[in-house]
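Right after this note come the structures.
Heads up, the next two complexes both have chain A, just with different partners, chain B and then chain C.
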Partner chain A sequence: MSGEEFVSLSLVPLLTGIFVAVACALPGNFLVLRRQALIGDAISHVVLPGIVVAFLITGVVSTWPMLLGAAAAAVVAVISIEAVRRLGQIEAGAAMGVIFTAMFAGGVLLLEQSDTSSVHLDVEHALYGNLESLIWLDATGWSSLWDIEALAGLPVELPRMALTFVGVALFIALFWRPLKISTFDEGFARTIGMRTAPLGLALVIVAAIAAVAAFDAVGSIIVIAMFICPPAAARLMTNRLEHQVAWSVLFATFSAVLGYVLAGYGPLWIGFADSVSAAGMIATVSGAVLGATAVFGPHRLRGAQTSIG
Partner chain B sequence: MITDALLLQLGYNATLVTLGAALLGMAAGVGGTFLFLRKRALVSDAISHATLPGVALAFMVMVALGGDGRNLVGLLSGAALSAAAGLLVVSWLSTRTRLAEDAAIGSVLSVFFGFGIVLLTVIQTMSAGRQAGLEGFLLGSTAGMLRADALVIAFSAAATLALVLILRRPLTLASFDPDFATSTGQNVTRTDLAMMGLVLAVTVVGLKIVGLILIVALLIIPPVTARFWTDRTDRVVLISGLVGGVSAYVGASMSAALPDMPTGPIIVLVGFALFVVSLLLAPGRGVVSAVLRHRAYQRQVHLRQGLLALAHGQPIYERMTLRLLRRQGWALPDGVATPDGRGRATRALRDETRWQVIRSDPGFEAAAALYDGLTPIETVLTPDQIVEVDSRIMARSEVSA
Partner chain C sequence: MSLELATHNGNSAEEATRASSPLAIRGMTVSYGQKPAVFSVDMTVEPGKMTAIIGPNGAGKSTLLKAALGILKPLAGTTTVFGHSVHTQRDRIAYVPQRASVDWDFPTRVIDVVLMGLYPQLGLLGRVRSQHRSKAQACLARVGMEDFATRQIGQLSGGQQQRVFLARALAQEADLYLLDEPFAGVDAATEKAIINVLKDLRDAGKTVVAVHHDLSTVAEYFDNVFFINTRRVAEGPVATTFDDTNLQSAYGGRLGGAQMDALRPVHTG
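== the complex of A and B ==
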């Protein structure tokens, strides 16, 4: 494959995939340790009603209203889950199950009832996105990377995802110590005067921002996978949080690259004519990584069975 | 049209599907209760998402064998196999590695679903077979169902419900008190396995009706709804089955009668509506009754404090207290007690003084623990004890005088 083809066809989806994977995996480390791993699952389901309502209000499929709608839906979901949990004294998992399924069902119904035949908006798209369609038409080769005019034609998803990644990374870096302490010992964090509740909420919000920014490009399934699989695999590799985060970034990047390549070229290698879903393949690769660490990871066992290091 | 559907007047197939949905809803409600009581509600989300690769693989196998790949029994068998695989992986990850169950659930559901999507895109490029309809497994679609399929669904839903009813006793025991169940010689591990088998059956049968993304709602919403109405396990099971059955029945008929109404989401939304009604209106645990209870308590506290203030001859500045006293006819607008109010104030003060006596005496410790500033002491002490308390008050006032 020539550089020209690679830059215009594959570079953008590849980079977007990497940014999505890492932006989700970073907060995912803390969510997995805090036993809130399924928050990513809930958020990515409730994004659908948000974008549908945004579409019904504005009448167009454009980025910012949809992102706002999705973010609003995520906030509504977090508040409702908390309300159901407190008002009904219901266990968190069940409260989450009630709210996210109901909101997703509402989104599907709204979508079916409204006329969206003229626009590209459907349930399948929200589920597994369309990473492959992020083609950089103006690119003529590697030199386009220094060409302002060509860069202007870059698919908007890439800079948006890059920005999200930077934001998430900044949040994690700035609040590293409080996040670490409150994740491992919330009681201790409180006794030294840390405000753990707002911090926990901020973490969920950052995760929601990453999920919302990512779903449009890659769909929700990859978001859930990246929130959980790379951090979970990294958790089985090490006992130190710093190393765990590093491993998770590595695993996320690896999954994104290998998944994209396998989806795009894998079928051609074994004699099929068409490529398969990149989002699905990235999730599958991340699962394979998790499977490998679950069998061979040096810290795969609980407690005293592993050395502390 | 909608009444026609509710009264099962939309033809043989629609009737079969609606009845099948109702049976499935009941089975899901009852089975989901045990899952909910064991606090493992979201395991079903992993199971349901894990069905997708099985459906796709079954389709491919059937096409490879020369069929058109639409045989529902074949597709559902594939779904059951891969869902079982997903369940095994969840329990393996959460018992054999140090990952928590939520991480295991999330990774299984996303990876299996992602792999299923990969297989679906492979199927889309296959020239053989009739692929239309596989997407129906995502969100459920009962429109245009073949008679044979409708029969399969109605029968397997009935079988699942029968299975739930047979297993009800051991499941109730194991989910309510696993230790006691073990001590009576029950094999709780095996009961848990049976519970998961039931959830699996509900999921697989529900694939065509509710769809794999939302079937988890049918297992979670009914028990959560039922929990508002009662504290007894057997009644939670009953009400939950009812809620599940009604949601599925009404949802399936609405979907059959009205245009552009996907079956799964409608069923879920009907269930959610029942949930919201219960959250608000259920006696005891509902929000409205909690608010009313709080208001009544607030009123009692204000009246009591107001009466004590009147008894001490202190002015009342609190507006709500004054308003409540006036409405009872115990005080005038300027805060002066009426004759009735004066009598009650004296009684309240006497009650409070008696309480103070027994609270300072370790001999009354058990009774004093019931003090909340509202309970009349007559409900706690016998008349003899009250006489004794009063004599101490007299003695004390003589000393101070």
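== the complex of A and C ==
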């Protein structure tokens, strides 16, 4: 593949995929340790009605209304989950299950009842996005990266995801200690004056922002996979949170790159005519990584060791 | 508060005791759902002493501590620490939760847990310097865990985990130590190590309050005792308060004659 082809066809989807994967994996580490991994799943589903409503109001599929609608839906969902959990005294997992199923179903109904045939908004798109369509038409080769005019034609998803990644990374870096302490021992964290409830909410909101920003480009499957698979696989590689987060970034990046390449060329290598969904393949690779670490990871037998002591 | 002072002006001695108490709780009421777990409890901890909070299972011992510290939100009640509101005195309080309240599979090392006690000094982004590490290491040495600094916490026994929690509290260099069941499920060596550390703290003028479940060691370990069974039952020095009447009252006749007999020699001898 020539430089020109690579830069215009593959560079943007690859980078977008990497930013999506890492931006979801970073908060995913804490969600998994807090036994809240399902919340990523819930968020990525509940944003659908928000996006559809935003489209119905504005009549166009554009970035900001969709992000706002999705964010509003995510906030509604988070509040509803807390309400069901507290008012109904129902276990958190069940509360999430109820809310996210109801809201996703509502989104599908809205989508089918409204006329979205003219635009790129349908159930398939919602599930696995369209990473391959992020083509940089103005690119003529590597030199385009320094060409202001060509950069203006860059698909909007890439800078949006890059910005999201930077925001998520800054949040995790800045609140590293409170996140770590309150995830391990919330009672202690409160006694030293940490406001653990707003912090926990902020973590969920950051995860929601990552999920919503990623949703448009890559759909919900990859988001669910990236919240859980890289952090869960990373946990099996190390016994230190610092190292776990580093491993999760590595696994997320690896899944994004290998998944994209396998989706584009894998079927051709084994004799099929068409490539497959990149988002689906990235999620599959991340699942395979988790499977591999579950079999070969150095710290997969922790439970067996501790039960002796 | 000023209103309350005005209405109680006939009782200024009690007010003075309360103001100087390391932990004074008034009218604490906590409920999970319909039934109150703690109902209108008053408690005034004596400074420089070791106080045991005792009562039957589900009597609200842990709940009282958590509500006093603001970990749980009470329905009603006020807490003062050294005469001021709790949140202004955070740096003088060290809390040791029940060992079983956290996930020991959390990916971190022993030394990192102790360093959490230094968070108020370190802040969000302060660098962990060698002075912090050596302080954490010294706290581990005080509980006999200096050789375990780089172990993953899940590899420790229950007693060792409890000692790590105590080391974290020591790192906080507090004046008031609140411990929730520090001797639950620990080995004899750990129990001895913990009680020695707590007595050293007391002898250095610190105040220690512990939720305790083993009635046979109350007289040996503690100076004062606080009986609770949802409501306050009694409070005072072990010598005068830890008696059959209060035990039967707190445990509601749940202690058999044999258990009472087993306790009797301890506090008379």
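Keep this in mind: the second predicted complex is superposed on the first by the 303 of 309 C-alpha atoms of A that agree within 3 Å, B and C clash if a C-alpha of one lies under 4 Å from a C-alpha of the other, contacts with A are read in each partner's own complex, and residues count from 1 in each chain.
Please note the rule applied: a contact is a pair of C-beta atoms (placed from the backbone, for glycine too) under 8 Å apart; a residue touches a chain by one contact, two chains touch by 3 or more.
All of these numbers come straight from a predicted model, not from anything done at the bench.
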Contacts of A:Val32 with chain B and chain C, given as first, second, both or neither: first
Partner, of chain C and chain B, that touches more residues belonging to chain A: B
Contacts of A:Gln244 with chain B and chain C, given as first, second, both or neither: second
First, second, both or neither for A:Ile192, with chain B first and chain C second: second
Touching partner for A:Glu112 - first (chain B), second (chain C), both, neither: first
First, second, both or neither for A:Arg235, with chain B first and chain C second: both
Partner chain(s) touched by A:Gln89 [first = chain B, second = chain C, both, neither]: both
Which superposed partner A:Phe184 touches (first chain B, second chain C, both, neither): second
Touched partner set for A:Phe227, first chain B, second chain C, both or neither: first
Touching partner for A:Phe175 - first (chain B), second (chain C), both, neither: second
Residues of chain A that lie at the interface with chain B and also at the interface with chain C: 89, 235, 302-303
Chain B - residues contacting chain A, complex: 36, 39-42, 45, 92-93, 96-100, 102-103, 105-107, 109-118, 120-122, 125, 135, 138-139, 213-214, 216-217, 220-221, 223-224, 227-228, 260-262, 264-266, 268-269, 272, 275, 279, 285, 287, 290
Complex interface listing, chain C residues touching chain A: 33, 66, 69-71, 87, 90, 93-95, 97, 101-109, 112-113, 116, 119-120, 122, 124-125, 152, 154-158, 160, 168, 172
Touch list for chain A against partner chain B, complex: 32, 35-38, 40-41, 45, 84, 87-91, 93-98, 101-102, 104-106, 108-109, 112-113, 123-124, 127-128, 221-222, 224-225, 227-229, 231-232, 235-236, 263, 267, 272-277, 279-284, 286-287, 290, 294, 297, 299-303
In the complex with chain C, residue positions of chain A that touch it: 33, 89, 174-175, 177-178, 180-181, 183-185, 187-188, 190-193, 235, 238-241, 243-244, 302-303, 305-306, 309
